[in-house]
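Beneath this line is the structure, given in structure tokens, with notes to follow.
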Amino acid sequence: MLESLSALATPITMGILYGGLYVVIALGLSLVFGVMKVINVAHGDFVILGSYFAYVVLTSKGVDPVLSLGLGIPLFFIMGILIQKYLLYRAFKISTDAALIIAFGISLIIQNAAQLAWTPMSKSLQTGYSFKSFQVGDVYIPLVYLLDFIVAVIVVVVVHQFLQRTYLGQAITAASQDQQTAELMGINPATVYQYAFGIAIALAAVAGVFLGLTFPFNPISGVPFLIIAFGVIILGGLGSMVGTFIGGMIFGLSQSLGGHFWGPTGQLLVPFLMVLVILTIRPQGLFGR
Amino acid sequence: MGIVIRRYTPLIALGMVIAILAALPALGAPKTWLLYLIYFYIFLAAANMWNLLAGFSGLLALCPAAFIGLAGYTMTILTWLQVPYYVGLLAGGVVAALFSILISPSVFRMRGIYFAIGTLVVPEVLRLVFLRWRPVGGQLQGGGAGYMVKGVSGIPMQQTYWLGLAVGVASVLLIAFILRSKFGFGLAAIRDNDVSAASSGIDVFRLKLYSFIIAAFMTGVAGAIFFTYQGYIEPNSAFNIRWLMIVLLATVIGGKGIEEGPLVGTIIVVILHFQLARYADISLLIQGTILVVIMLAVPQGITGLVRDLRRAVAGRALLPTGNTSIFSFILSRRRKSHE
Amino acid sequence: MPEEALLHVNNIDVFYGNLQVLWDISLEVRSGEMVAIAGANGAGKSTLLKTISGLMHPARGNIHFNSREITHLNAHEIVNLGISQVPEGRKPFPEMTVLQNLVIGSYSQKARTLRNKNLAKVYEFFPLLKKRKNQLAKTLSGGEQQMLVIGRGLMSNPRILIIDEMSLGLSPIFVRELFGVLHDIKAQGITILLVEQNVWQTLHEADRAYIIETGRLVLSGNARDLCEEEEVRNAYFGA
């Protein structure tokens, strides 16, 4: 019994740590969902695009993936604003279904484009610290997993401060709670959508880098991350930073324990089933009316 | 007398088209034509069913691949158990329908975007299950994965062709019937206003559930026919998101929520499918771009555009065209047929 | 010599989709007045306000504010010009604190520079809000929420404050208190436009009033005079 518990210590620690990735992905997804009430089904693909961006910078210029974010974050931010302005917002004015369908189209375009540019084969971001690990008790923890967790903490704090302390952040918060009243405050919904989407895609770039450091990725690996991140928002609650953080840890755990007991299939099957179960129990999400 | 003839003209025309299509193999049509048409029938049935869900029942169900894959697997596994494949086709549809009933208590609690994402997860879960699970035959290395469909290599192409034609025609007739029945009017009332429909005594849940089950069955049968033609099945393609892409594209190009929409859209999708086969590596890129462009430029689809143009020409441009309620659509057609 | 009106609504027709809800409505509000729009539930009062504040647009007619046409401007543009609407049903942002609600009221560019001055003014009108400033808005009582949304409306430094159904669901004593504050606000030079189902009290507080029935203007004039009108007494006061 004791032995089996200590055997679990490794997957538990790892799951909690790389759950940080889901926190960052879910935060981007929920920013957009909060104001537009549309799930950007291409969000996972933007994350993978972020991984490829770091991959290109690393393999061509030898720049460390984390440093490449200095360019990646502004680049993805602008890309997000443009996509929102010229594609999603126009669809959104037609209907929410139209916006969802457009996002689905964008998702397939990114997947196919990535396949053309980088082949369907899996890639990973290999750096000097990729295989470093440290020991805590009996558990060996890869350094990159710890980075995932640290980044999640940093991102949560920064996003929280931005939402609480700036006019723009408060405008996004207000628009998520009551769009019509927000308009009466002088808040332009189109502007809020653009910034929320730009920030979400910039967060995808961040998540992409650490995902690439943690797992191998290929052009279609964004879909499971989207689904799990969606699970995180429903579990953790929209707009609740603590909830999102804990939700990310729980899904990280479900993935690592699923993998521990049922192999590679269980790694996805367990979190997917959890998403379905949560949706069934709380169909409006835990933050529903 | 003239009125009677006019009233039945569309039916007679439809009958003649079906008769000609059915006679094509006997008339010695080239095999490539038959192949194109088989794809057309199967895609048409699936797109018609998706239109029933997303267009007429307000259910943005992203899980057609679940029905297609499950029915395909059912049919395939049954052929391993010596069950003839044509029995397997129906059994596949039934299993898909049963599956839709099984998940309905869960997914029907979800609304709007939650329903969409919930149904998006379903085929992914099935894909993972079938990657692990090997119901018949020996264990391959690593568990589940692909199967040959036994005993279908000898089936002549004409037979698959006629099966496809049957399911395609059945889907068209089924939609036509549903839209003109009490069921269809109930759906239209729900789409216009969920709450007021419920308060006027319409059982919203039950009508949506019926749509879901019917769509699961028909989509499943169509999918199973596809796998008898293909001759093998494996989880990654059976539960692939490309199935969703096909029905979505066909319905959106043709016109979501319009009876003839999928018919027009599927013609374009099949042409695209075969034209793009040469450029397989960029086919999704092109299809995705078309989807985005159509959705932004002509959100009502081709048939919707034609209808709007006609209205504008007829000097009825003042009517709101953005809100394409099928209810008013049916009423206007009815009125026309009474004139 | 008649003064140029601050807000001028000219012959507007407004539709919800195909359904017409307002017919040929005209009204004007002069600088420094307190004007009421009264009428029963469903008369179209809230639609009229939404049209003025740019959440809806008229099919015919036009609206001018401060000699500038605003008929086709959007809500967020209109706030910048000095029109502030307090929505019906007391809608503070529930998951934001009292202070955050007030600060977001000063979102428009001009109001941001005057934020501290306006905040002090709001705390002066509603000292309770200062006490509650770090509480989440959803934890306030109905009356406190009404104070908060009026305060939030003042934060945009408006020339005219439009309040939709202020007294709905509040006790008469509290409503009287609120009207007292409105008079203080008016004394500071802010024009007030009220929409009320509570016709009796409103007519006693306002300078002038318009009465709307099923989307049409039926009466207008000096509020005190309207109280005396037999039609009004019969229709609204059951006298």
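Things to note:
Here the chain labels run A, B and C in written order, and each chain numbers its own residues starting at 1.
Keep this in mind: contacts are C-beta pairs under 8 Å (C-beta built on N, C-alpha and C of every residue); 3 or more make two chains touch, one makes a residue touch a chain.
Everything quoted here is computed from the prediction, not taken from an experiment.
The pair of chains sharing the greatest count of C-beta contacts is A-B. With respect to chain A, maximal separation of chain centres occurs for C (centres as means of Cα atoms). For the pair chain A and chain B, the distance between C-alpha centroids works out to 33 Å.
Centre-to-centre separation of chain B and chain C, using mean CA positions: 52 Å. Spacing of chain A relative to chain C, judged by their CA centroids, is 43 angstrom. Residue ranges of chain C in contact with chain A, taken from their complex: 53-55, 74-76, 79-80, 84-85, 87, 91, 93-96, 100, 103-105, 107-108, 111-112, 152, 156. Taken in their complex, chain A has these residues touching chain C: 164, 167, 170-171, 173-174, 177-178, 180-189, 239.
Chain B contributes residues 54, 60, 105-107, 109-114, 116-118, 120-122, 124-125, 128-129, 131-132, 143, 241, 244-245, 248, 252, 281-285, 287-289, 291-292, 295-296, 299 to its touches with chain A in the complex.
Of all residues in chain A, only 33, 37-39, 41, 87, 90-91, 94-98, 100-102, 104-109, 111-113, 115-116, 223-224, 227, 230, 234, 262, 265, 268-269, 272-273, 275-276, 279-280, 283-285 touch chain B in the complex they form.
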